[in-house]
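When the chains are written out, they are named A, B and C in that same order, and each has its own residue count from 1.
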Amino acid sequence: MIQYKKLIKSFGTRTILKGIDLHIKAGEIVFILGTSGTGKSVLLKNTVGLMKPDSGEIWIDDENVTDFTEQQFLPVRKKCGMVFQHPALFDSLSIYENIAFGLRKHFVLPENEIKERVEQALSLVNLENVLTKRPGEISYGMQKRVSLARTVVLRPKVLLFDEPTTGLDPVTTNSVNSLIQNLSRKLNTTSMVVSHDMHCALKIADRIVVLDQGQIVDQGTPQELLQSQVPLVRDFLSEARDLL
Amino acid sequence: MSTKIVSNNPFSILGHFLIVSYKDIRSFSQLVAATLVQLFAHLPRKKETFQQLYFVANGSLWTIAFCVTFASIVTILESSFHMKIVIQNDSMVPGFASVLILRELGSVVTALLLTSRIGAGMAAEIGSMKVTEQIDALKMLGINPVRFLIVPRLIASTIGCVILSIIANMVCILAAMIVADQFLGYSVGLFLTAMRRFVDFQDIIFASIKAFCFGLVIPLMSCYFGFNCKSGADGVGRATTQSVVFASVAIIVLDFILSYTFSYFY
Amino acid sequence: MKSGALFLNRLGEILLFLSEVLKTLWKRPCKLELVLEQVWHVTIQSFPTTAMAGFFVGGIMTVQFAMLVSEFGASAYLGGLATSATIREIGPMLIAFMLSGKVGAFTSAELGTMKVTEQIDAIRCLGADPIQEIILPRFLGIIISSFFLLTGGLMLSVIGGSTLGILFAGINPQEYVRHIPTILGFPSLLSGLVKCMSYALVLATICTFMGYFTTGGAKGVGRSVVSTSVLTMVTIVVFDWGTSFLGQLLMAWFAVG
């Protein structure tokens, strides 16, 4: 589904990604773990063309998207939805218009069908009665869920999450996690989740990839990771065990 | 400032506006009073004050010199254009232009530029401090934020504004003189003679008084909006914008009042 | 030397951005109602400020000129002189300064906030072009509305000037108005309008550019607001000189030809 080949990206003199080789299969939930500033978000942004890599290749669905122009990227972005770290809702639009934004850009749909799909997406994230509100009028957790709905409503084949649960309370965190799980089980969506929450990763991931200093230091299923001898992974694991 | 207007009834909008502006004026005057108390109650923090003075005066010197040069060139070209129409004898052009420069242009353009550079900078800085809860941290450490943050800025900006406007006036006159000499055919001697007829020493005093007042207004406005900054990137942007707008309007209105008052002393 | 290189670099970036915006305008224009919405917003928000600034600028010019012309004994010309000076030169410049604070800083704060909260990335991800969708309506809206605002401010400055002429210099209204047409010819009016037009363009370009390329959180937004207003003012002063100079060249050319 998504494949990275020797991906390198640097900002000025700092190299953030130092040759990432990774293959993500269709229908998988992959968690990318690592401490802050190890280039997890940069990896996601490279995937949908918000940033360009310095060298290396990115393949999505047997298509080399590395040198795509902004126009060529549009169909790719329809396929790959991204949920941002900040809710990134458009302040000037209502919740309804926020969610419908992508639908209006990509499809020509009658208004009642748009309404139906928006409501469906909102019910997926357990929200109701917010359609006419503005982003500033609802809480941060609700904003994050709306931003999730805005991405899901396009029914993408791949979902990229940039720290979906950071700043959320434990209850909402759980519901977001089960939502990610449901989406990939029911709709066979591929999910790539950037996070530093080992606890969640152990619960719902099919595969966990640990990044450190721009390189992959370990990867495997949750069971395999539990046996890992890499120091950073052990640190993550011990923190998650304290929670359990 | 951003409370919702509930109904569209003009009276309710007017009432809302009055209440909001009353609240704003009240808290602004409270801030001014607190600043004055702190200004005279303690010796100002020397190091911080000099740092701010460096930031205000040295940081803006080149920008201001550059801008007023262009402004004064335009002024003398335009006044030569006008004088030729009104009185065919245009020997008064240099005097005319230098009066305009000294009484208005020099100090107002300097103050407006300082507003956008220093005023906006201060509002952004204090706004960010407020958003990241640094001001609350100061209070927790038992430090009075008004004394710590506003007083040094107030002193620095007042001194800086007076110095800068004197320099700006000099640069203006010099630029006007060069342009008059090169393009309009007034020799330097002619320029100075015409200038002597119109300009008195009191013009420079008045220009400095204007600059002094502008220098007081800028940091007070910026610090007020910075202290009342709402959280988030949104809030900092809004505080910065508002401080620029209100300080600029205040400068124009103050300038009008001062010009009107000074006109009785000539 | 280094700051010179930086300046050229920045200038090049702004011009590239401007060409990008104009290219988008040519190839993929945005919806008209988005532009009109912006025009409405900007005009409503800034009209009181510009009107007030215009009124007082007119007043100041009259007060200053009244003292000067009374020395020449030419107070009959006060109206014409003050009005012409305001419209040709001081008025557009000071009102544009005001707008750079009000419209320019506001827009760059708004766009900067959208940038640092990843709203602009979200637009790209949802398959829309941020330049077409966000920048272009603001760019056009600011050009149109600041042109209106500047001319409106100029009218208010004439009113302010005549009010002060009557109150302060004690000239009766007819006399004040009578000499306006003799001094304020068509070229002067045109020069004032051309200045307004060019300032509007400067304002729109710089504030959208600065906002769109904001980085670094809430602090970054503050930073780009500051640089927007400073850069706009400096550019306006330079353009002020440029248009005056061009005007004189044209006048000379017509006079010869």
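We adopt the following convention: a contact is a pair of C-beta atoms (placed from the backbone, for glycine too) under 8 Å apart; a residue touches a chain by one contact, two chains touch by 3 or more.
Keep in mind the model is a prediction, meaning the values are calculated, not measured.
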**Message:** Among all chains, whose Cα centre is located farthest from the one for chain B?
**Reply:** A
**Asked** What chain lies closest to the overall centre, CA atoms only?
**Response** C
**Item:** Interface with more contacting C-beta pairs, comparing B-C to A-C
**Value:** B-C
**Asked** Cα centroid separation between chain A and chain B, in whole Å?
**Response** 49
**Request:** Quick one: report the Å distance separating chain B from chain C, using the average Cα coordinate of each chain.
**Result:** 19
**Prompt:** What is the distance, in whole Å, between the centres of chain A and chain C, each centre taken as the mean of its C-alpha atoms?
**Reply:** 43
**Request:** Please list all residues of chain B that touch 2 or more other chains.
**Result:** 234
**Message:** Could you pull out the residues of chain C that touch at least 2 other chains?
**Reply:** 113, 117
**Request:** Would you give the residues of chain A that are in contact with at least 2 other chains, written as numbers and ranges?
**Result:** 91
**Message:** Give the list of chain C residues in touch with chain A in this complex.
**Reply:** 113-114, 117-119, 121-129
**Fill in**
The chain B residues in contact with chain C across the complex are 63, 66-67, 70-71, 73-75, 77-79, 81-82, 85-87, 92, 96, 99-100, 103-105, 108-109, 112-113, 115-117, 120-121, 123-125, 127-128, 131-132, 198, 232-238, 240-241, 244-245, 248-249, 252-253, 255-256, 259-260, 263, 266
**Request:** Show which residues of chain A lie in contact with chain C when the two form their complex.
**Result:** 45, 48-50, 70, 74, 77-78, 81-82, 84-91, 101-102, 105-106, 147, 150-151, 154
**Message:** Considering only the defined contacts, which chain C positions touch chain B in the complex?
**Reply:** 49, 52-53, 56-57, 59-61, 63-64, 66-68, 71-72, 74, 77, 80-81, 84-85, 88-90, 93-94, 97-98, 100-102, 105-106, 108-110, 112-113, 116-117, 168, 182-183, 217-223, 225-226, 229-230, 232-234, 237-238, 240-241, 244-245, 248
